[in-house]
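Chain IDs A, B, C, D, E and F follow the sequence of writing; residue 1 opens each chain.
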């Protein structure tokens, strides 16, 4: 287990809402590790284990495989990945393919926001014609954020501010109308991301795919750097920021 | 005259390309003053004086008014406003209504980019059905930026990096498909912006309009602040960032 | 109570569907009063009291505050505002943050359409990332409109025609992709709108905000007037018409 | 009854999901008949009979009319149209105005996908402000398609590939943001389409409307033909392909 | 020649800018005739004769055909159509395929705006991948409108107000992202439109196409009528209004 | 030199319009080689050599480098790449950064269309904020296509049909709003593409970048294959089809 929680800077935290238990690894592991390295408390919430839609390799083992076994395997993989990244992880186990979100689940997310007080939150793209669980996860992420801001929900509790909302990279970006307007340089933590990726034994076909994604985003990030930034970026993650920034200094 | 140039932090500069000689005041004066206060060298380029399209009050003085007189009056107003803000200003005088941009003008802008080495550049929205000079100014701003990056243009000169491109606020935002994704808190420099605004004697009807704009953007900026930011914002400017950010820390 | 019902021109009516009990005031009070003044029967339906999401000031009174008290206070404010504007008002009390719309609520709205036979209907913008109750209110407004047109719903009842659908102004217009394509001159009824606004004791911070909105829309409306219209507009409301107009005369 | 099933080429099939029982006729009858003629097995699933929203003429018969009678009449019309086209048809009878889709219905559709193994699927446009049942039908069509691809849904069953998804033509195309990127030449099967149209006794006002649609699309299809295609098109159907094509030869 | 000019209501006029000499007939003849019937002065400006791009039938007559002959034939057809509609017509003869607009042409249009003082202006859709002259015509139409509003252009002349801008129907609407938000009932003047259409001897293949367009738009217009409008519409023209309306009464 | 011209199937040809002399290699070499292998005559038109904007490595050689030398080096690289692919290549040498297209160039392209009679044409994305030459190249590609269809341009010449227009992949796809709706399997010709890529000595940093692009598109293409297609795709190119398809068979 990471000890990031003990060393974190007070008041700095980030939330990641993952529809299935591996999404946060492919799409945000570098951003998670980068912030953990800076003392952020990072928390991942997995809405489901992806037990039906994203565990093809496990199911192909045949008749002895059961949903309980698939879930257990997926939980273990995700837990190990989170440990490598230094992030906390919580599993809500609401099912997938199709995912259905009850108000009970919504309010659990509200509680998590209020306890964590994140300054930013990551989830899926708002559109994804290849996966209907993904946009739903982002929707509930945003719906819970707004309720967590409301004084009238569980009056007396500490409400949250306005954490920045960002969508991490989907599998086929252009079809999802996802445009990266933010690049996070993950070069220093790439080894951790790759190690986290390699926890996902059931989806080995994606290891190299997402390594190439990181390399491509690295090239693009370098191209978008201003003149004063002289750093050498090899690996990056692209994010789509959905909420406005408030700043005193442009760059 | 501002002494900002002498006190500036080396390597930090911003460029503002204004179609007509007053645009930079209504739309970006606060951002300019905020960066001057932080030691940035800020330079405004006015493509035209707005002598035909935005000087109605002067023309209504009747037959004795000439284009030369209108230009002189507009130049003086803009120079005074720039002085108040601590910005340099240069007038290209290429005419308005309609604005036409020659390659000669384009290359002048390229020279300015290379001399200034800005880390960001501000200009108009990419669409404006009420004013065709505005999108044209943004277009040449971006075209010049790309040429200034090319080793093959005036080989041997120092090329520029990738300054962030932002569109400042147009008059009727929604019709222009302009969406503010960045708010700059201009509360500390509001007095300077208002003083610069009041230089624009010919467009007094806009003074209160843009004061109200600053107040509305101030309210909105506050609403979009994350939990850790405790500042009190009264006045703000909205900007639409068009190019991606590269960062190591989200917030 | 307004006596508008008695003096109305037969067959002319307008419906306003407000997610929370104060929305119709900030966003449509001028349009309501303008039509009442022309003899329209105007009816406001408040889906909720905004008791959880838009009553922060009341909740801050502390432990003695209850949801019932908040609702009562909000109902009274909204009723007084409607009275000032000369509009009828009905409260469906379906809850907020999150709002959930049952088919029962949907059919109540259908009944209201059929009884009122409006020639236009106003509700929220179709997108609002700051408030998920708002787009939902517009969605049910449109869904009910279509069902009210169907002969097969409660066969034998008088169906409705095709009332124009318009979205009134959200709080952060550009983020909501809301574009005003219709301006209503509310100068003659401004005093009524301001009086209605001042009924909203719990949201005093918005009084001046929406006064400024009305002034800005007034300036914009004047700029969009054709040559034959010589009126002097000071205050206006912007609306986004979503359905086509059928006309015999352009202007 | 068509004997298309017996003569079909193995592995070639198409699915059509129709919100109401007549939609497939106006919008896709030509495409259905064209593929039947080429040996495809074509299957139509009608989610509802359109008994409430699209049976105005029947309801106007007065008090003796009942929902059961309307459904029976609509079923018979649709069955006859399907027979003329050579398509199978299945009625799920889930109700309309409003349509509500349970997970049970969703899973029935999944079963149909798996049994049929279609290479393409047709349904409604993703947006339709005139009819909320239509986009819902397309949504469930796509959601079921993704679940039918998942090994973890009913493990052991044969999953499907990635059938092309196409949206057929809505009533007011531009309002629905529907853009035809595919034209099917239906000239050789036009007589069958017209005959199927004429089964719809309750909506006679649409017969000529959709005949004109076919003629307009025919003219447009001809205009978009490449140089090598010399065929003479008189009638066509427009479709909006939503998923990518994989090919070895462009044209 | 029409005598519409003598009987017109003072201050009511409409401008139509047609890229090629037949466009105004297919796309706006009904709207023109409807307004002439109400006493409007309607003026058509044909930027070119469409001599290269839209005169295929004439060119197929073979080697004896010359550009001068084609232009003369096209001019005569357009003049006759304008006469039937009761509109003035002016030919700028700037060439087509490709169309190129000089500032001289732009300023001629400005003069026309100022002389005519129209309350609305019609031209092509802003996008048309099938015809690059069309969007260019709309662009110069809007650019000239803005210059005609500027006091500094030919100071002392009477400037114009803010005439409504509308785009008439292109040939393939959906590809042009053209959405009709305004329908004009042209049933009473349909005979005139058909007569004007039949002047276009060189494009006979379009006569029935645009008759069907008028019928389809008629059906759609009826569907979008509010409850109070009881008129029977058979033929209509669709228009896309691009500028906001200012009104005191919704409907 | 390729002998593709001699062996081509009559009437089958494709055109590729490349803004700079290397663009066709990174973005379309696989599609070119695939069609050459099927007997298509493939012709590449390079509008410029990319001598100013895309030859940084050459310019860095220092003072002895001249524009003539850069052009010569770039021409040789492009010629060798075309030879490897079996394509013809023509250089128009109109300059870059900025690119400016005269009517003379436009008409040269028209001549090429008419001589080649292509069934499809490839060029750049319609938007590219990183490179203004790219959208301009696509614009002139489409403008020339429309003129080449017009009987009135050089009357008597054989006009063209309606070749499909496709945009090949830009460097940062999402920023360019480029969405691949067509994947070409280039696995069988990958060696040729890589060999052509390696001709581009001056842009070695892009070799691996575009190899990874091909691998990613390969994975995506496989995911989008219908059930009947059992082929194994490793490398692919993505294309964005801009014009409608006319077909008799969906899949």
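We adopt the following convention: a contact is a pair of C-beta atoms (placed from the backbone, for glycine too) under 8 Å apart; a residue touches a chain by one contact, two chains touch by 3 or more.
Everything quoted here is computed from the prediction, not taken from an experiment.
*Asks:* Specify the chain most distant from chain B by Cα centroid.
*Replies:* D
*Asks:* Scan C-E, A-F or A-C for the interface that duplicates B-E, counting it as a duplicate when over half of the contact pairs agree by residue number.
*Replies:* Selected from C-E, A-F or A-C as the counterpart of B-E: A-C.
*Asks:* Measuring centre to centre with CA averages, how many angstrom lie between chain E and chain F?
*Replies:* From the centre of chain E to the centre of chain F is 38 Å.
*Asks:* CA centre of chain B versus CA centre of chain C: separation in Å?
*Replies:* The answer is 37 Å.
*Asks:* Based only on mean CA positions, could you tell me how far chain A sits from chain E in angstrom?
*Replies:* Here chain A and chain E have centroids separated by 54 Å.
*Asks:* For chain B, jot down the residues that touch at least 2 other chains.
*Replies:* Chain B, residues with two or more chain partners: 130, 175, 180, 220, 223, 243-244.
*Asks:* Could you classify the connectivity of these chains, where an edge means two chains touch, as line, ring, star, complete or other?
*Replies:* Per interface graph, the chains form some other shape.
*Asks:* In the complex, go through chain F and note every residue touching chain E.
*Replies:* 103, 106, 142-143, 146-147, 150-153, 155-156, 242-244
*Asks:* In the complex formed with chain B, which residues of chain A make contact?
*Replies:* 11-12, 14, 31, 34-35, 38, 117-120, 160-164, 166, 180-185, 220-221, 223-229, 233, 236, 238-239, 241, 243-251
*Asks:* Using the touch rule from the top, collect the residues of chain D that touch chain E in their complex.
*Replies:* Answer in residue numbers: 130, 171-175, 178-180, 209, 212-213, 215-216, 219-220, 223.
*Asks:* Can you name the residues of chain A that touch chain D in the complex?
*Replies:* Going through chain A, the ones touching chain D are 51-56, 59-60, 63, 65, 67, 70, 97-98, 100, 129-132, 175.
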